[in-house]
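Before we start, here is the structure in question, set down as structure tokens.
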Amino acid sequence: MTKNIAIIGASGYTGAELIRLIATHPDLEIAALAANSKAGQRMDQVFPHLRHLDLPKLVTWEEIDFSAIDLCFCALPHKTSQEVIRELPKHLKIVDLSADFRLRDPEAYAKWYGNPHAATEMQKEAVYGLTEFYRDEITAARLVAGTGCNAATGQYMIRPLISAGVIGLDDIILDLKCGVSGAGRSLKENLLHAELSEGTNAYSVGGTHRHLGEFDQEFSTLAGRDVRVQFTPHLLPMNRGILATAYVTGAPDEVHGALCDAYADEPFIIPLPFGETPSTHHVRGSNFCHVGVTGDRIGGRSIVVAALDNLTKGSSGQALQNANLMLGLPETQGLMLAPCFP
Amino acid sequence: MTKNIAIIGASGYTGAELIRLIATHPDLEIAALAANSKAGQRMDQVFPHLRHLDLPKLVTWEEIDFSAIDLCFCALPHKTSQEVIRELPKHLKIVDLSADFRLRDPEAYAKWYGNPHAATEMQKEAVYGLTEFYRDEITAARLVAGTGCNAATGQYMIRPLISAGVIGLDDIILDLKCGVSGAGRSLKENLLHAELSEGTNAYSVGGTHRHLGEFDQEFSTLAGRDVRVQFTPHLLPMNRGILATAYVTGAPDEVHGALCDAYADEPFIIPLPFGETPSTHHVRGSNFCHVGVTGDRIGGRSIVVAALDNLTKGSSGQALQNANLMLGLPETQGLMLAPCFP
Amino acid sequence: MTKNIAIIGASGYTGAELIRLIATHPDLEIAALAANSKAGQRMDQVFPHLRHLDLPKLVTWEEIDFSAIDLCFCALPHKTSQEVIRELPKHLKIVDLSADFRLRDPEAYAKWYGNPHAATEMQKEAVYGLTEFYRDEITAARLVAGTGCNAATGQYMIRPLISAGVIGLDDIILDLKCGVSGAGRSLKENLLHAELSEGTNAYSVGGTHRHLGEFDQEFSTLAGRDVRVQFTPHLLPMNRGILATAYVTGAPDEVHGALCDAYADEPFIIPLPFGETPSTHHVRGSNFCHVGVTGDRIGGRSIVVAALDNLTKGSSGQALQNANLMLGLPETQGLMLAPCFP
Amino acid sequence: MTKNIAIIGASGYTGAELIRLIATHPDLEIAALAANSKAGQRMDQVFPHLRHLDLPKLVTWEEIDFSAIDLCFCALPHKTSQEVIRELPKHLKIVDLSADFRLRDPEAYAKWYGNPHAATEMQKEAVYGLTEFYRDEITAARLVAGTGCNAATGQYMIRPLISAGVIGLDDIILDLKCGVSGAGRSLKENLLHAELSEGTNAYSVGGTHRHLGEFDQEFSTLAGRDVRVQFTPHLLPMNRGILATAYVTGAPDEVHGALCDAYADEPFIIPLPFGETPSTHHVRGSNFCHVGVTGDRIGGRSIVVAALDNLTKGSSGQALQNANLMLGLPETQGLMLAPCFP
């Protein structure tokens, strides 16, 4: 029951991560790889670490024969993604890794991304790809929108707490530390090794990061009222990994209990024993997310810390998990790789 | 007017940092270096980067002739420090870099450090070494207690806000990211490169970090009431640097104004223009502390971010700044080294 | 046809790497894990990144019931390893990852390791574990000695050149750069992040590194005469990876040809097109070894550069490859994980 | 006796490093800073770590009034540098940090840099800036050409050995490991943190690196015959530092003796005791160069290892050292900063 896969946008980090994961997936076959700016090149020229694989040459996405494709991953930059997906065959199953179909409200999209949406009808159709919370919809979906990597991390920590009603909704603070691969393979001065290694800084401070659009949409829907969190990301000198520290009001044991209940049967989200905290070292290269809870010396406050790999669970691993569901394959197929430590 | 200096505990990172700074100080002469576990060795065996300097051999502190010493830096581990300082000549000016004389209350000391204090009378005499806020007392002091590096960072952000009355006192959250040299040259598994590089984790979560003792003492004194902050440190894969992110309630312009007013004449504490945030990259190896303020999309909330080098402004640079005052030298002497970037 | 596996020395990096690889191996079951110093602990306490696996508790090796074990990996420090292996049941298949059975000559062992060998009869029995060159012997062996990680790298570059007679034997220079995990999880000052990151140094300079014993044995046997190479390792601020640069006299096209011929059918050793050079980035976490050849502006000189992951192809991956052969399983089983980049 | 300084090309790393060093130089005043692409900006916008300094705004170099300038540092890319320097006032003292005036032979320049030289008469006038070996010429020079950072490192190791006649000239091999700041602040994919950290690779393999032009010129001149070395650079995941390992034929004690003799009175070049090897950690941020020698188990071979900071002793520190000489100031002025470790 091999399924044929295409990847559009195969020359970026999330595209490469998809290929890394699919390389040991027993039921998926990579039938086409597109990257318009590098069409004609071999993948080992773009990503020499994939040299051992027998992969199709890079083509433009327009050259792909989609009639033989069961599912297409779209790993393009946002805005480009919607313009391409709009043109793809209507029957094709699609997992989009960009930001383009995460927000259901065209106005919210326009506000956070600065341009009107070019495929508003598909925006409505798309299912939000946070697997553990949209499993049934994803299984039935044609178009799934991969979540933001920061947005996924924050939701794994906070959603069960909102659902269980164990925290206050007006003073949620999310301080997030992320590795540089989340910024993609882009040539920006602040992403150079010489600028980034051995130091750290906050960015998008003050409630301006785009993933807030996802938090607002999801948390408000869940709570049945407006929820606005404070969210500050920091760039760390590491390639992979997100560590998020959430400061909430709520009884620590109830907070821990709500997370343990929510994830009791989940294969990838692992609540730690009360009082333990996770490390990005321990999820690197894997699809696992570790979540820990501690109390504070100040009563009624809880600290929740979560760790995941932004390229895997935060992006391409999530995409593959969703694709498995959409294709009727076991959800964990190809995703049980152990973290790479040290 | 050369002054003779001794350093006890010269084989640790703060000892080495003192020597690095004093190396270009025009008025200080290193007359004695002690490190009991390495007595008899040359400094270039312990720290080859100091090879170009003509330094005295390491001796035990008991071997030092203090009659010729104007000021002694004590860079020993806490507990050991109080036991040694108790035995030093009573006339000797001392800057202690350990935690031993930071807390004025013997009970608070015992609570945070787990042992009764062995020199309670000197604990009372000691002046808290946060130069910008205890300048006069330090100038007149015989024994100055260097602050914790995290404690210094947090106070540079919060003290002026408490003094100016521009923030709420019951919901101050301090999320701190620090480099590994703060843990010293100790052989611990979690400090190994293989365990630490390329990842991050929180530690001392839940209001258990010892520097909270300093925050409690200083903020409560300042506010004239009990103030308890939430403080969570994170270990980052970098050698030097602390970045602290404070979440406070208060009008952003007032918060920024209070910091600008407080530091208008300070040589080392530099408030950034409103809306800019600092980076540890830009203070590495220097005695400067950069402080930035932004608002949030949620009204009435402010985010303050500060960056300093834990070994310099957070420890040995602060110690030298205090020593300059105690010796009647210009406060900035030897401390105007520009940060080392990249 | 599931085979039962034991790992003795499971609390070190090579033990953890074995578990990481076996985690996705379809035919191996981890039946016992031993680590005498941590007996009684759970593996997630020692290595939290393995938390998602259902692993046996750590025991002492004496507690293992070997009657149900098909093959035992021994990942102990050298010297301890021979003392333990000597006591194991005589029928048990063993892959030793230590240095104890690499050298066939007891005198050579004593010279390089400083102590007489405690199991000289087994030393004779052991097969040298460089899979690609000892495949038949390994398949039939009971005891296989894993090679040194540096020794493996150097041999992948040089053996085919000696066999093909395309290089001079008296001026082979091997300059090697290795990551820190090769030194294991040992508490040494020079392995601390603060000492190691952002810098590099040579070590064991001047023909003193123990892996020279392996080079001498293997290259001399192959050449039918004494061959002594110059070998200088350097410690780099990275966790995984060995990059070796060999300077040899010989025609570049012949050197490249000899390597391409030797590895034409090998699944893991990948010669690059002439003139390309490999990077450790592109083999990280995988069992692949990339080898490149270039000429020099000086005629008759060739530069060979190889990259592999010291923990995988240089140690635990090699061990698993050998175990597959010894157990009659497909050689590449569990080893086709793509490198983890970035 | 304050001297007025201009820096053209102040927005790159070598420009910033010059400012860092001059910041604590007692006799130099920065009177003008040029960076044509960023003219109009303040330096703290380009390099926030220089925020504490009172620096002139960036202008175009054409805007500088050179009548008040005593010496101009030119830190432009090669080719641009010669075009600008050609237009500067003829009386102006200039230290060029680019590659443009290093090679005295126009044909050699054209061969290594791919374009004819645009200022051949100045090429003849320029003095090669390796201070320790051209001290008198530099003192008297109007135009000094800063050396390549790799070229400087290799020459500190090899020149005294050629002069003393203690090594063979036909088999010198130089394996060099360098940090990323040597590549400047350029937006190239391979310089991104995600591509560079945690791994290493060789580059410009096979005798193609441009610094070979300098080695050829200098070593051949010194030896009175053609000398061609093999030179292979490797890119390491660190920001500052060059470690070079030279493999030469020659008696180790004679090699060590020749280096000790050559540098006995040098303030910045420090030969280590025989058998010790240097580390880039121990020179970071300083103008020192450590050089070590060991023998090999193979008689008659020596290994020389040197470490320096490419931005300081390899570039801007060297430039300042030369400027001091040209301005009649003490050679070590502003350059005695101790290395920044850890």
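We call the chains A, B, C and D, going by the order they appear; numbering starts again at 1 in every chain.
The working rule: a residue touches a chain if its C-beta (ideal position, glycine included) is under 8 Å from a C-beta of that chain, and two chains touch if they have at least 3 such contacts.
Bear in mind the structure is a predicted one, so any value in this text is a computation, not a measurement.
Undergrad: So which one's got more C-beta contacts, A-C or A-D?
TA: Of A-C and A-D, it is A-C that has more C-beta pairs in contact.
Undergrad: I need the rotation angle between the copies chain A and chain B from a CA superposition, between 0 and 180°, in steps of 5.
TA: The two chains, chain A and chain B, differ by a rotation of 180 degrees.
Undergrad: Starting from the Cα centroid of chain D, hunt down the chain whose centroid lies farthest away.
TA: Here the answer is chain A, farthest from chain D.
Undergrad: What whole-Å value do you get for the distance between chain A and chain B if each is reduced to the mean of its CA atoms?
TA: So the centroids are 39 Å from each other.
Undergrad: Just curious, how far off is chain D from chain A if you go by their C-alpha centres, in Å?
TA: Computed from C-alpha means, the inter-chain centre distance equals 45 Å.
Undergrad: Averaged over CA atoms, how far is the centre of chain A from the centre of chain C? Could you give it in whole Å?
TA: Computed value for the inter-centroid distance: 36 Å.
Undergrad: Would you mind listing the residues of chain C that make contact with two or more other chains?
TA: 13, 181, 194-195, 197-198, 237-240, 278-279, 281-282, 284, 342
Undergrad: Note which residues of chain A are touching chain D in the complex, please.
TA: Result: residues 13, 180-181, 185, 187-189, 191-198, 237-239 of chain A touch chain D.
Undergrad: If we count contacts the way the header does, which residues on chain C are in touch with chain D in the complex?
TA: 171, 173, 175, 177, 179, 194-195, 197-203, 205-208, 212, 228, 230, 232, 234, 236-241, 243, 245, 247, 275, 277-282, 284, 294-298, 301, 303, 305, 307, 342
Undergrad: Could you list, by residue number, the parts of chain B that touch chain D in their complex?
TA: Spelled out, the residues of chain B in touch with chain D are 13, 16, 19-20, 23-24, 47-53, 181, 197-198, 239-240, 270, 278-279, 281-286, 288, 290, 336-342.
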